[in-house]
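As written, the chain order gives the labels A, B and C, with residue 1 at the start of each chain.
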Amino acid sequence: MLRELKFLLSLWKTNLAAAMEYRAAFIFQSIGMILNDAVYFVVWIIFFDRFPSIRGWQLTDMFIVFGISASAFGMAGLLFGNAFNLGDIIVKGRLDYYLSLPRPTLLHVLGSRLAPSSFGDFIYGFISYFGSGQFSMVGLGRFIIGVALATIVFVSFLVLVQSLAFWMGTGGVFTSMAINAIITFAIYPITLFNQTAQVILFLVIPAAFMGAVPARFVKDFSWSTLGLMLLGAAGFLSLAILVFHSGLRRYESGSAIQTEV
Amino acid sequence: MKKYHAIFKINLLNNLAYPAELVTRSALILLFMWIFFQLWSITFTAAGSDNISGLSLHDTMWYLLFAEILELGRPRLARVISEQVKDGSIAYLLNKPYNFLLYQLSSGLGESLPRMGLLFILGGALVWTMAGPPPDLVNWPLALFALAGAWLLHFCINALIGLSAFAVEEVAPLEWIYQKLVFILGGMLVPLDFYPAWLQTIAKSLPFAYMMYGPARLFVRSDLQFFIQIIAGQILWLAMLGSLLGLVFSRGMKRLAINGG
Amino acid sequence: MPAIQVTNLNKTFRIKHKTAGLGASVRSLFRPEYKTIEAVRSLSFEMECGELLGFIGPNGAGKSTTIKILTGILFPSGGDVTVLGYVPWKQRQKLAYNIGTVFGQRPQLWYHLPAIDTLTLFGKIYEMEDRETRRRIAELAEAFEITDLLETPVRKLSLGQRMRCEVAASLLHKPKLLLLDEPSIGLDVVAKQHIRDVIREMAKKENVGVLLTSHDAGDLEALCKRVIIINHGQIIYEDKVSTLKRSYLTSKLVEVRYAEQIPADFHIEGTTTLKVAKELYGTKLRFDPRTTPVEKVMAGLSAAGTLVDITISDPPLEEVIAAIYEKGASASHT
């Protein structure tokens, strides 16, 4: 386990070096993304100014949930950037490169890219939390834990959706839909949704684990909330690893894609 | 004129042959409309009134549908054009016996029209079941007219952003911010009518209101005076943005001729 | 123990067959049609440690499939394979520590970074000590003459320079077996020469076995002692390269020039006249030395006039190989 962590660290270092080759673009994109997120949030400020509470959900909650989601999204892109193009990598047969090297395939693939602009999202999440009016140092600690666990759920979800490419060829369509769906659901107030819908947001498109639950944790520490987050992260992570490796078996049999003979 | 019609047609057919994009956008509009309904029905209930700033829940939902159709239906020309500028293929396109901008316009239209049509049918069906039948037919012609104007405004800005690839390495941040400005100042997630008065004034002095709010609002409640206001605004902004576009384009062409792409 | 042992390998692919059009797409969703492709059929061969083996065949012959099975990326439909004592698809990670791969079409070096960054990362991937990695990089840099290139971003290197770095990277962890797939593709003549020389030297110095697949017969001649020719998933020829040339030598080309003109209908029995020079000062002909004695041809040529210039050549290796492809399974030579 430690071996792989050391390996991941060197991988991340290499990613950073590659991003720094285009320093100006990196900074421009990061700042652009911060502005993008901030400007988008203004709509919610306008909304809550007019309608202060949606079944108990208020602007403060919005700040926090936005913070968690943005930072989790950013962290996913910074550390596991290939989670966003895994489907493409599978379809183009580029897994071969990772398979011929002696490191765990999934980890190696995911960690081999730093998605540009994700730094902006990551930073913005913290800015959003600072702006929530609920900021405290202890809260920040909980925020960081929340972001970490949300990232695990998000990346796992991406791996799950992208792994469909092993069976369906171009999963590209599905992926962008799934990403849009989870982000949208994560940032909209969970109080909007009835019981059935909420179940979906926990078990199918785990937006609740990416927004509402960590946000609850940040506001108030609670063992049960922490337990729920850990459960969600562990559950989705295991499922993702399982599905990916099942798909990998198929890839290795050659029936997944059009292979060159 | 015939050649642009041909370009338009081929893009139209291409869209139908590769339905991936259509499927994604269609799924998204269903998702968004459903979430919006949750949000606004609860908001109207909480506000304790059938009518907020002159709009009912029914009006709001159809307003939002119209806005989303434009947002999801419009072609992502900024990215297309910026890529053509960056990889130099724009030079190849300029050698053809047609105007580059008109080419982009026709192909964008071919892509956009069937998509908007499908989005209207699917999204409309959902909104009908949730909020009631669409607005009176009498509203439609004026709204569609304004829609055309709005589409053209989007086109101008998109083309400008795409062409800025001559000066800037990454145009994506510009795209994001433009989209978010449309969200806020075009009243995409929250109708402008709900905004505080001072913000409404600002919004109406910028092009974004004419790109989104105008047609959507006309769809819901047509009013000849309002229509004239919107069209006048659109013409004004089209004139300004259109000439800016022309200027930037010829400047870019000169640059291309000097640098050889 | 041989480095590679392949016995009765076969691999069949079942690929979904889909024609264009919306109707066909919908149909294929509900009732998919499958096409069976037998990529490799009952293939058997061995390779010794430290050997230089060439693996040649036209597109679709089954080369890539075989290589993928050898590296453990693909598992076969039947047969047995051991590479360096491992079953590739079952012990892929262990095998990976001992083999190096260079795929001409799939670069390993990170495009935007200098080669040294990828090499350092590879050191981590193969769990080498930092000091060992540095030492090894210096050693390889000298051998491949890339010391000055290491700090330049890979995207700024020429293809030849990049390939040298790629091959160096594949040798970083001192593998016992090197698999090269089209290493010289796209390179100019000088770069090809350069890379072949350095591969050959490194292979000898470090006792690395090299399995080379290529379309380029020049790669073959320069690097390999033995060659396996594969087509339609089967081996159709397997022997030393030198034997290949000798036994398939079915023609010699002779080009001559005379001091005076020769008759327009000049012909030597048993040869094919390819061309008679316009001014009738020379001719080019081809003959099969197995049926027409060289002595006879030479005698006929010198009798025709005062020879001023003569060129005798063997057919290029490409022709030999092409002829073998055509003959196919019937010309199996083991």
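In this section, contacts are C-beta pairs under 8 Å (C-beta built on N, C-alpha and C of every residue); 3 or more make two chains touch, one makes a residue touch a chain.
Remember, it's a predicted structure, so these values are computed and weren't measured experimentally.
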Identity of the chain that, by mean CA position, is farthest from subunit B: C
Chain whose Cα mean lies nearest the overall Cα mean: A
Subunit A and subunit C: spacing of chain centres that average the CA atoms, whole Å: 45
Mean-CA-position distance for subunit B and subunit A (Å): 29
Length of the line joining the C-alpha centres of subunit B and subunit C, rounded to whole Å: 55
Per-residue multi-chain contacts in subunit A, two or more chains: 22
List of subunit B residues in touch with subunit A within their complex: 20-21, 23-24, 27-28, 31-32, 35, 38-39, 42-43, 46-47, 168-170, 172-174, 176-177, 180-181, 183-184, 188-190, 194-196, 199
In the complex with subunit A, residue positions of subunit C that touch it: 11, 13-15, 37, 39, 60-62, 64-65, 68, 71-75, 89, 92-94, 96-97, 99, 101, 103, 106, 108, 110, 112-113, 117-118, 120-121, 124-127, 153
Residues of subunit A touching subunit C in the complex: 3, 6-7, 10-11, 14, 17-18, 21-22, 94, 96-97, 99-103, 252-255, 258-261
Touch list for subunit A against partner subunit B, complex: 22, 24-25, 28-29, 31-33, 35-36, 39-40, 42-43, 46-47, 49-51, 53-55, 116-117, 170, 172-173, 176-177, 180-181, 184-185, 188-189, 191-193, 197
